[in-house]
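Inspection log for the structure reproduced underneath, given as structure tokens.
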């Protein structure tokens, strides 16, 4: 693992406008991502976990500028990509890919697998149909599909197979980094492991870097090198997976881990059941966003937003407990 | 063990579609005891929901229909019960909550209106009393400001709150059996923990039997006593939680459990069951799991295995348990459950 | 071995199972053939006046009777089939082309483009369609061709809106996001991803609009604003025969039934298509 | 709710401006000199020139447009060239006549359509469903003027059951109070007359209402089917509810929303269809008013008539939108 | 369906219904509160003596002078009267509001003795001042009752009297009130049809008091001296007129009430008649005449022809500038076929551009037989033996003289193709049609002319005088001889002399054949046999004062 970051996210923000009122003007904003910073080293897998709606996908899509970030800087190979022109960005997409959560929605239902996987090749300059055909076969092989699958349509595949097609498409132009937005959460358990294994294999084979988004802690833990935990649009903790799972610092991380049901009847664990609901990102609590549910809340938490700081080596936490 | 309150016997529920007949539930048998929490696990499409809907006689019809089999509830075969009788039972004796708290409440009526209904259908009480009861139920499931929430519309509540409302609604008439079809799948883990906690409490307090349908073995481990594993419309294994999770017998269950990433252990490579879940209605000869099974042999592709009883309250649908095959546990007597 | 079907084939298969749709399909084919072979069926043409045989009831010689100029109504209906088919075809194609272009522009690019186009649609849709058609014909003058243009115009916002909403919902789809993530250009996304996926509702709407276009043309013809004599347009035939309703009801019954049948045919097929294309309708 | 209403009202403004522009330009794009039409083939050139002058047709279009809008804002729709009367006064009885007709047509369409739709959905795939839907399809396939003529042929001419024209018995005209003849008869406590008036309404209402009825039936059916499949209906049933309550309380209210849209849009069909039906049934409504005006090139009347119909249509759709918000608590702004 | 036995309130009801002559105060007071009692009145009226007259369109205006619309004069004819009247079935003159009249020798001074003791419906007196006020109102755009600002136009006045006050052609120099009941018109030149004009329903006298009172809404509140007074008007539906008790002729009107009902659809109107909902229907479809004739209880009426439809031949356009071609076309058109096909025989093939019963109608003119062979010969001679293509312009609207122009065009097209002329049917909207035909853009075109004052000048000068080329003369026919004959006839007050001049003109015109005179249509009407004394007038409006119902 090199020490050079492939991707650097600094102070990323994405606010969605809420329209309403008499004139359909902006009446508020959803702070989907609110000041998130992290680095991803070359060849590394960084997992991001968090509950639904905490801004994981928005982070992922903002990095690729599939939605325009409101603020912040995204550096890819030391180049700030937030200001690239449409055409420059389009070229860069060769190197940065994404795999989506929903294997049903992310493939164009009217295209054959051949076309789905071949299209990125075409738009990035592989004009010969024969070359493309060959490459598509190769890619299908790589993701564990057969050659004859190429002429089929997405609806003729199972969820796992579809996800393989999505992966093949992402791999088409030999990207350097892939953002995986919950690639296995829609899959059946028995198929999930197939995909996770495949992704690990590919990573070594193609020397890929993943940003792996998931809400399932065990999956993230299984695959990632480092893990970030998000809550209400903010990164609350980030460190290597060993440290995180052995010694979670942030009270939210602790609660999250205790809440994950473990398929082991003997696992005796101390349960921290959080009270209340996740607040709305359109109206996040002041100070630390978690203070409304935090079992260890202090006065300062309500006022001051804790800084996301490195409190130990490679262990970042945003919590007043560690100041 | 206490008395059996609900017993399914060779239940067959089929869908008659343009593409042919789909045996979504294909001979399912199991029973539920008073005050027990039974989990049904299985992958998507294996027939869990259809099984539970069949019990309630709520299978969408057309195209679905209970083709044969018995659903014995307190010595009454619900499969043959009239719609009128079922109306008495639904909500009152057997209640059900569904996976999607977001869509399971009518968006155009207030929470109170929908809760009252559950009470008014079955009890001769005034509207006022019903409302009072409704507020109590909301309190019971831990909804704060219950007397305000009762006049809210569903869209004003969060997913977790709605699922609580659903539970309150189901519990309103103190049912004997509560069927929960993936009640937490759509919820976040922290909220899921709250809901599971709640269900556990209700089960303890009211002694309600719960059938909990889920595909998450973790959830099963959290609250179930007994587990039924389904695959492709059939029960493939049954046993206590500990039996199933620690000592699975059916190759499918084994594979399923091995393929889970473990949060407290680190392993390099996950086990994975090869192949995919068969599409219902496809060629059904032999054991449904045979094409993906590492132990499969010729017979598995020819004959349908039966549900072998391999120990007290322990069943598995695999020829490996057949004494003729010299199965892995041939010391157990292999009686066949009807 | 699993059969490999394209979505199109699936749809057609689905459609062929729908008996209503089949009936509709045959009705359309019947009238289409009737129109195409008009010169064979009625070599003497549609304007063969024989004033001596005015208003004769249906008979072996005149299957559908004759009109007030002694013309064979059957012949006129046969030729009228051509006109109706043509009206439907051109009006729908016109509306389709412009509606699709505007709808896509508006839906895909949003912002002021969307505002502008949507407002125009709003305004056009604020007028009951037949009134708008009458207005357009009043400007352009009464003729079949102008009626056709009017019908196309009133259908543009219908297609435009439909496509706009489809595009907007597609724009949020993950596979469009995926296409963008692949580095595709807008033109390609529109042509290869958005358009083919908007096709289903467009086809359904086009089929149904075919029927309404025929009805609208007939209405304009009936008001004297559409086809001009001696064109055997069915609506116009009805208008011309209005005064003979007591004396010679057949002059009204046959053209009316013809209109109804053709339109019914398109509605049956359109309905069938909708069911075939909409997975929610599948059992 | 208030903000929503206001917003919907404000959204009307560009539409209304567009409407005035459109009606204004339609009328000025129509070829032919109105003065010529008014005076007819037997008029002299000088007369035509004089008339043109007095009618203000020599002003530039922009001036004419602003004069037009200025008058509109004061509720002045101009003067009919044909009758020389103030259109804003003259048009009222026509609108009322059309209202009465469309009201009954809509009543017929909604009552029959919604119930047929519900029963069809309830008895899905039975012979009732089959017939009702076939009937509905035939209904939308029928030219309404032809239906009107056939009704006249059968029920008025052959059978003589129902009157073929007008709003009332012509020997015995009503003393109008509101202009709604049914209402007026009831105010007079004249029930036989109310019955006669209703009889006059039957054929035109059916002719006009058939297409909306068919469309509403189909929409209700599919909307009901969809709602009946929804999770919350399953929830209601799981609570032990009976069919009736499921359908009429839970399902219908939800199914109403798309049906309402259709009803709103169908008023447009009704108002447009009025042109055809009103001429055939000699109904002195706004459709006929406009149609006669078109033949006469009575510019101000065409302009105002079309504008008024479009305005009514827009208002009805506004009301429908507000009804949504009333029915559906999720719509907040 | 007549819902009134009126058992409860027959006092009032029968009172009014039966004794229409006496107790005028009584009924007057009733009138004022007629709003309230209308339903009971309606029931009484719904008794026997109400005539329902159904027609295809509504009146435009009930101010007779400011409209040219026939449906308007049909109604105003009942409410108003002119100084003179036409005889029942012709355009011969008889006394109206003037019981005697005279003209000086050079035809420039007309003196009228007015009927005395006549009151308007509003109770004011009719006298010479009233007449003067009316004429001034029409002739002077500045007049306080001219209502020019409200778009009132007196086009018929302009046409008939050569323009308005101050115009060069305006023929009325001055109007002098000689006494309460004597009035004198001084003309600046003789006008052969001045008296005819005075009998036109357009020049009927309105109560000056009403003009004062109602102003520009006089068109909705007509007040005249006629047999019926205005009661109510619901537009495009019905106009109700009640009998005027003080009508100057004793014993008239015979009816208590007349209702003019609008039923645009011809067949619906017929149905209504057959079901007894109405008594008289105008605009019977000629094809349905047969039904009426055969059916018990209904009578068929034929209105005398007062119009003619023609196929104009633009004499300035090639090949129509060739007389032989024009004659050939005249021979090619089968007028009888048109009369039969379109009017079911209720039309006469026309040979002159003048209706038959008119002054000076020349029956000697031979006209053109339907003779395709002859036509071909003529074409051959003219050098068009190989066929020729000519545009045929079709009017887009139905007119009384041409109820179905499209069909006629189709028939003509068929006829012409028989002789080798390919006619391409051209359609224009009505306004452009009129504009373009006046400008001479057309080749062959269809149009017609209806009479108003029953004078031949109105037909012949307008259509065929060279001075009118480019306005009402759309064939651009120019024959100095004809022009001279027409000019002479126009200023002569000797009717025999006039007749002679017109006959000569017709000869010339027929020879030149600038138009194919097609047919004189004879509109048919139907009425229930209960209707007695109903006489349709060629001008389309007739007084119903003498009509009775015999039920």
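By letter and in written order, the chains are A, B, C, D and E; residue numbering begins at 1 in each of them.
Keep this in mind: a residue touches a chain if its C-beta (ideal position, glycine included) is under 8 Å from a C-beta of that chain, and two chains touch if they have at least 3 such contacts.
Treat the numbers as computed from the prediction; the structure is a model and nothing was measured.
*Asks:* Count how many hops through touching chains it takes, at the least, to reach chain E starting from chain B.
*Replies:* Graph distance in the chain contact network comes out at 2.
*Asks:* What shortest step count links chain D and chain E in the network of chain contacts?
*Replies:* Counted as steps through touching chains, the separation is 1.
*Asks:* Between C-D and B-D, which chain pair is linked by the larger number of C-beta contacts?
*Replies:* Pair with more contacting C-beta pairs, C-D versus B-D: C-D.
*Asks:* Which whole number of Å gives the spacing of the CA centres of chain A and chain C?
*Replies:* Distance between chain centres, rounded to whole Å: 48 Å.
*Asks:* How many angstrom between the C-alpha centroids of chain D and chain A?
*Replies:* So the centroids are 54 Å from each other.
*Asks:* Could you please state the distance in Å, as a whole number, between where the Cα atoms of chain A are centred and where those of chain B are centred?
*Replies:* Those two chain centres are 32 Å apart.
*Asks:* How many angstrom lie between the CA centroids of chain C and chain E, rounded to a whole number?
*Replies:* The mean C-alpha positions of chain C and chain E differ by 45 Å.
*Asks:* Which parts of chain C, given as residue numbers and ranges, touch two or more other chains?
*Replies:* 141, 242, 245-246
*Asks:* Which positions in chain E are in touch with at least two other chains?
*Replies:* Residues 265, 267, 271, 429 of chain E touch two or more partner chains.
*Asks:* Which residue numbers or ranges of chain D touch two or more of the other chains?
*Replies:* 30-31, 152, 157
*Asks:* Write out the stretch or stretches of chain E touching chain C in their complex.
*Replies:* Interface residues on the chain E side: 265-267, 270-271, 285, 287-288, 291, 337, 340-341, 396, 406-407, 409-411, 414, 425, 427-429.
*Asks:* Name, in rising order, each residue of chain D that touches chain B in their complex.
*Replies:* 124-125, 229-242, 250, 253-254, 327-330
*Asks:* Within their complex, state which residues of chain E touch chain D.
*Replies:* Against chain D, the touching part of chain E is residues 1-4, 35-36, 38-39, 42-43, 45-46, 50, 52, 54, 57, 60-61, 66, 68, 147-153, 155, 158-159, 163, 216-217, 219-220, 232, 234-238, 240, 259, 261-265, 267-269, 271-272, 275, 277-278, 397, 429-432, 434-435, 438, 447, 449-450, 462, 470-472.
*Asks:* Flag every residue of chain C that touches chain D in the complex, lowest number first.
*Replies:* The contact residues of chain C facing chain D are 20, 119-120, 122-124, 126-131, 134-136, 138-139, 141, 211, 215, 218-219, 222-223, 235, 238, 242, 245-246, 249, 252-253, 255-256, 259-261, 263-264, 267-268, 271, 280.
*Asks:* Under the touch definition given earlier, write down the residues of chain B that touch chain A in their complex.
*Replies:* 43-44, 158, 160-161, 188-194, 196-197, 215-222, 241-242, 245-246, 255-257, 259-264, 266-267, 269-274, 276-277
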